[in-house]
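Quick heads-up: structures coming right below.
Below, chain A partners chain B and then partners chain C, in two separate complexes.
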Partner chain A sequence: MPSMLYKLGGNVVNTEAKEKRDFFFNLAVWLLIGSILLFVVYPLAYIFIEVFFPEGMPTLRLFGEILQRHYFIRGFINSVKVATVVASLSVVIGYLFGYTVTRVDITRRKRKIFDLLATLPILSPPFLLALSAVLLLGYNGLITKGLLGITDFSIYGFKGLVIVETIGLFPIAYLTIKGTLQSIDPSIEDAASSLGATRWYVFRKVTLPLSMTGVANAFLLTFSLSMADFGNPMLLAGSRFPVLSVQAYFQITAQFHIDKGAAVALLLLLPALAIFFIQQKIIHSRSYITVTGKPSSLHPQPHSKLAKGILVTLCIVVLGIVAVFYATVLWGGFTDIWMINHVFTFKHFAYIWEAGREYLFDTLILAGIATPISGIIGIFIAFLIIRTKLRTNKFMEMSTMLNFFLPGTVVGIGYMLAFNRYPLLLSGTAYIIILNFIFRYIPVGIRSGISILLQIDPSIEEAAMNLGANRMQTFRKITMPLISPAFFSGLVYTFERSLTAISAIVFLVSPSWYIFTVFILDELSIGRIENASAAVVILFIIITAFIWLAKFVTRKMGEIPTEIST
Partner chain B sequence: MRKRWTVFLAMAMIFLFGATSLAAKTLTVYVTYDAAEAKIIISQFEKDTGIHVKWVRMSSGTTLNRIRAEKEHPQADVWTGGPSDSYVTAAEYGLLEPYVPPNAKNIPAKYRDPKGYWNGIYLGIIGFATNKDYLAKMQKKNKFFGPPTSWMDLLNPYYRNNIQMPNPGSSGTALTIVSTLIQIFGWDKAFDYLKMLDRQIQLYTEHGATGGTSAGLGQCAIGVIFGQDILHRIYEKHYPLILTFPKEGTGYEIGGTALIKGAKHVKEAKTFINWMLSKRAQDLWAKTGFFHFPTAVGATPPKGWPPLEKIHLINYDAKWTGENRDKIVNTWTKEILEKRKK
Partner chain C sequence: MSVSLRNVTKVFKDVIAVDNVSLDVKDGEFLTLLGPSGCGKTTTLRIVAGFETPTSGEIFIEDRKVNDIPPYQRNTGMVFQSYALFPHLSVFENIAFGLRLKGFSESEIKDKVRRVVEMLGLAELTSRNPSQLSGGQQQRVALARALVVEPKVLLLDEPLSNLDAKLRMQMRVELRKLQQSLSITSIYVTHDQSEAMSMADRIVVMNEGKVQQVGTPWEIYGKPANRFVADFIGRVNIVDAKIVEMSDESTIIEMLGKEYTIDFTPKGFSIGDEVLVILRPESIEICPPGGGDMDLTVDRRVYLGASVEYYLKDEDLSLMVTEANPQHKGIHSEGEKIGIRFLRDCMHFIRS
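Let's look at the complex of A and B:
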């Protein structure tokens, strides 16, 4: 600590220089607001115009038409139903893993394996889980018909969607909750324990209440992702169990009604917004400041044999299910013809290399550019929201979140409409795809940033400010190192989403810049499951490598505060 | 640090405002048939003409919306592939430029737009994909049992809850199927039939060809889809399927190609359209592995297709279908889908 005072103390006298450098902070803020207006609000405005001012006059005709249709009402109910169940299940499973990994005294190796496998489902295009579900549990599924001999079980609809979306989304709940659990000051739990509280009591009275921000954020994220999910319901919901995101998509792509599609998608916003406001109230109504220094990453505590046994068994059961789903995909990638000729072959990989190589490189370049920009902006906004009282904070949080909640189809159409005219003629360029990636996935960084920042005592930052650091320095030297775990979970997720995004991007690809997932969708829609599986295995390897790299860097960054204080 | 931020800001400025779209010097094509197929066809075109082509594959709905959104500043010159009813809609929106190429003489008039807004480059004919193993199983119970050869055969109780067809709300194939039935039986009778058929339907799929894969994998007995998609599954995927056609008549899509209004490379675009209508280009349909039936007189059809005279083709009215899309889809959704119990 003394050397930290010394280092930052150099600026105390020069308040003029500090003000000057605050100018850059302000400039950054205004630039950010300008970009949000341009790349979030402006395209959405076109959607609203399409829905509410179809002929230049304000009208509710389109909304009325949508509300009269029994089919859309069913879609609305179905979407909310699925999202609620999926978010609840995801949070429970995410918490199970978050707690087991950060708190239970399991072996290092087990912890590593749990952590690795629990993030696995994040690694592939969502519609592949659905495919796996059909192959395993469909009418001619490996499990249903092959093993159990059942033919009347239907995976299509509510059941299938809940299974597949929960598998796909619980890792996000896990990452969010783990981040929060890691940053709870262990001495509080230790204090409770040494005062004689049982593990169960400590969990109920200390750990769980302190991690409620993480739970709330996890619920918010998974709920909105489930509402906007489009790949899974595309294969599993279908006409039998209409959900809004898919109905909006088909209104636009199959029935050519951009206006009606946008109107249906706006219906998706209502419950998402309601949840958003509820969460806001929860997060801001309590104080969760527990961190007074560097957050510890892991804090295993002794658990009874029974508790440990139950937790570990549950984790293994969940991971077993995940493993089966992914093994099916892998198997598919190496199988000559699924369910017909199960001969091992590399030919699908050869095909992907031949036909999809260019698309893969394009995607990597675009995602690679978008990811760091999105990560930095996300964490910066989180910092602004929690640590400053700028009047524009609410606007920034809401508008970026809005882009995240909306189904990709709508955002894609908005971009398509807004950026195909002067002054911003971006259609057909790489910019339109990069910008879409950046502004769509900022909320991930914001959410995880907020969740951690809420728990860092602002007095650390205030101390730096009092000692003469300007706001930018404070953010870079104090805040950033403390929140680096959240920063990288945001980064990893943004990269993954960019590589697997489809619903918005399908409207933005151009001959010059094509996207790998659109190529996979082409393969799927013609029924080439094996090729799609091979393509996903390739994506899987790339993202795994990236996560490994990100973890390595996080570890390096985590050392910075130590360096300052010594 | 100040310096670093200045650099960052400068980069951001360049990024935000330097975004100018370069006018490509090559032909840009939106393709609606398969990407693997497009690779073969377009590389042959490049070889034949020396014109460099940039292309991207998108579904017909996405393409139509894309061209519509780009109306003020068209990004592409040609649209190729995808059912002609989408082209009818595109022409209605004023997105296409009429052009009658010299090679149009190769194409029977019923496969072209009289005003030249679009020209047909292939046919996709609706057929039944029946799982052979399922047939064999049923033949053990009833030795006279064969694959369905009429629309009425689909109502056979042996197929109850065992047929998949696409949903017209999401699939152009399904629109072609429903419109075909209306054109054969008349509006009311067609919907009476569809209501009866509903009992037989296991699933209305979102994609046009999913039913073929399901039938191939034994998830259902029959998929009602395009014949070329069935042949692709028989010869390329080795699924145990049989292709049959209904004797009351069947409809078809005409794969279109058209010049986009406001195209930047009109000359090259016209060369492309004319080339697509040549026998040489259409002979390629037999080599791509996607089994589209050529429209050009004398072009070689892919293997597996019976002679066209053996299939009872109706005089399918794509223009009527395109103009009545809303009415067909809305009625079907209201009468069939929304009343569905399962």
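Let's look at the complex of A and C:
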């Protein structure tokens, strides 16, 4: 198959020489690069400037001060400790689900339910799991006080944070590991079996080693997400168990030490940067597994009754806990006063409608403005990466990816610092929030764009050019319609992320624009736990509704055959 | 409309895909680029279409240098190996795509599309989606789409390679007829030598990015310029020889320990030259033992119906011979000793 050979050779439409002729195309590229520099690189750079050049002269004074303070060192150690434990647990649970779903001969229905429930926590609004933890295991918790009568158990601190973050993050590990397990060519394992290896032996000697990149990747991802978490530690860790993200927030909003906040952000930024580059290395090292091609279908194999029993039971236990956490928040939202007066009431929802309505609408509007812009930029960059050889591609991909990957706290502080002075005085306006949403979630669009573009034979676009369509016309008339289903689902995800964003946004809110997650934070900080539960439930319903709507719509428009390549 | 390439070279990172290629395609000519996979055919075609920028060299279409003209302004019609039909557009819209971009009115578009679909037998299919067509139909739509804009030159990249054998044969004939009736300048890429032989006015044989020979099918087969071309086109026996005498109308060579007199003088050689003699399997006759130039043993025999192939052997020589119509001439068995005779006028010499 010579055509296959060519595809491996380069999936690229080479168009170097005509760059100068496509005026609008070039303009778009340069505008894009300019705005990435301004809204991604510049704010990050500003954190370094703030810490190391506070008065224009290089100094290590501020950073040194932070490193000498026991309080911040503890914050750093706590963050790393929690992240390490959470990432390890998430990987184990993620692997449990990944293996059970892709390899064990369970019924189709079970597989579907496992997959659905195990990915449910990805949709959690911030605070949801922490709220449940408090409702269940707090001083006044249903289990601790209600069922067991214990009052000296503290969910606040290390234990609580680990429980809640593991529940929230194992789905990420699950998806990563599942992807890797699915990309292993099934015949490799079959070959081992046919040579006489038992299931357990195949697992130890073939499956596990081949999926190690997925495991490493899952660990790094969940580690950095745990480091970056703001909502859960805000509620559960407080000041007795300080973690960096919360410290940075307190430095800036309570103590008004913007420079110290920036220095703490730097402590968050450095490990995140390290992980980011390690992860890029792993992804690009193109291990032998990925060579076997697209993720194949599932490859269930017969397992012994015992093995199956253990795996399935473990999965059900984990999912049971997830279900209890979700049910608890729902219950909390409909309860008059938790553990005191358990009558069913709508009054918290009524309260949210009264006090929180504007927050919700503002958030929907801002996210609604940012989402399509972010999506279009993302898809455009995906197009550039896959179909052109511009020298700036790498820069665009890496910098936007970095902005997505870095803790929201870092990005938020960067924005706060960079855009509160002339000539870019944006703080306090809606623009700063919208811009933050836009540039934070571009990689979502890039990802979905790349995955679908790789499936479209580049000669389809060449054919359009050959018939007289310039690059913009080709993009509009051919590329865009073909990628629109993927584009659309990317949009929904971006919208969801924007609605639930908190860690960066807390630094950017102003009295003129309300953000719903910040409203929830406010309710929590004055101890109105039932109101917060109701608000979280509302947010969850909105998100789920959008996702279902999107699924419905993409199914309607997704009739274009995607296996277009030869 | 003529197309010319002048010293065109294309270097990808570490591969020289096209190496100093110069070509002239005459107005209305059907030129085929032929060569093994990876020899740079597609890259050459894409350079003409404008999808690749040559590292060096110049491209002319109709005597106009087009190096800096983007693909969408070159007015070349390309038929892709994968057809590259727009999957979200109907057959009609696929074909109308280029016309719309050129700003034709709706009625002109209808008219032009109608004519081309009738010419290619697609009239019934215009409202379908590409995914609802068979391979052969998709191929025609791709062709129709390229032809309807009346390009200056038609570029075809292995357009028949995704069709089954029978349809491929049929399309060869149809495509060639169509090209002749429109007398449209065409560059046709293929790795299939019989396709090239049966369709082309002239063939360009390429290897490792370089042009090996340009010529009519007759010349390429009968008078290959070098060992690669001889080997690549058809099958061949290549034997060492030495020129011992040369006069105006005849040459004497020494080959396989014997002298042969040939009734022509190969150009560019002189007495004493070491040469390679190209002997096509069908240019060797079989005769009774002792009655020809030499006797050999049948080592293996492959019966093909219309012909039979003999692999003949001696201590230090093996030769391939094909004989047509074995039903009439009879067939020899393995191990049998037979005589062979080299057809002197079919011998061809290349440098060793």
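Here, the second predicted complex is superposed on the first by the 321 of 566 C-alpha atoms of A that agree within 3 Å, B and C clash if a C-alpha of one lies under 4 Å from a C-alpha of the other, contacts with A are read in each partner's own complex, and residues count from 1 in each chain.
The definition used in the following text is that a contact is a pair of C-beta atoms (placed from the backbone, for glycine too) under 8 Å apart; a residue touches a chain by one contact, two chains touch by 3 or more.
In this text, all values refer to a predicted model and were calculated from it rather than measured experimentally.
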{"item": "Partner chain(s) touched by A:T392 [first = chain B, second = chain C, both, neither]", "value": "neither"}
{"item": "Touching partner for A:R240 - first (chain B), second (chain C), both, neither", "value": "first"}
{"item": "Touching partner for A:T345 - first (chain B), second (chain C), both, neither", "value": "neither"}
{"item": "Contacts of A:T544 with chain B and chain C, given as first, second, both or neither", "value": "neither"}
{"item": "Greater chain A contact set [chain C / chain B]", "value": "B"}
{"item": "First, second, both or neither for A:E462, with chain B first and chain C second", "value": "second"}
{"item": "Contacts of A:I478 with chain B and chain C, given as first, second, both or neither", "value": "second"}
{"item": "First (chain B), second (chain C), both or neither touched by A:S88", "value": "neither"}
{"item": "Chain C-contacting residues of chain A that also contact chain B", "value": "21, 473"}
{"item": "Complex contact set, residues of chain B against chain A", "value": "1-2, 5, 9, 12, 15-16, 19-21, 24, 28-29, 34-36, 39, 54-59, 61-62, 64-66, 68-70, 72-73, 75-76, 89, 167, 169-172, 202-207, 209-210, 212-214, 216-220, 229, 232-233, 237-240, 325-326, 329, 333, 337-338, 340, 342"}
{"item": "Chain A residues within the chain C interface of the complex", "value": "2-3, 5-6, 10, 13-18, 21-22, 457, 459-460, 462-470, 473-474, 477-478, 481-482, 560-561, 564-566"}
{"item": "Residues of chain A touching chain B in the complex", "value": "21, 24, 27-28, 31, 35, 38, 70-71, 134, 138-140, 156, 234-235, 238-240, 246, 250, 252-256, 258, 337-341, 355, 413, 416-417, 420-421, 424-429, 431, 472-473, 476, 506-507, 509-512, 514, 518-519, 522, 525-527, 529"}
{"item": "In the complex, chain C residues that touch chain A", "value": "12, 37-38, 42, 46, 49-53, 67-68, 70-73, 75-78, 80-82, 84-88, 97-98, 101-102, 131, 142, 145-146, 149, 158, 161-162, 191"}
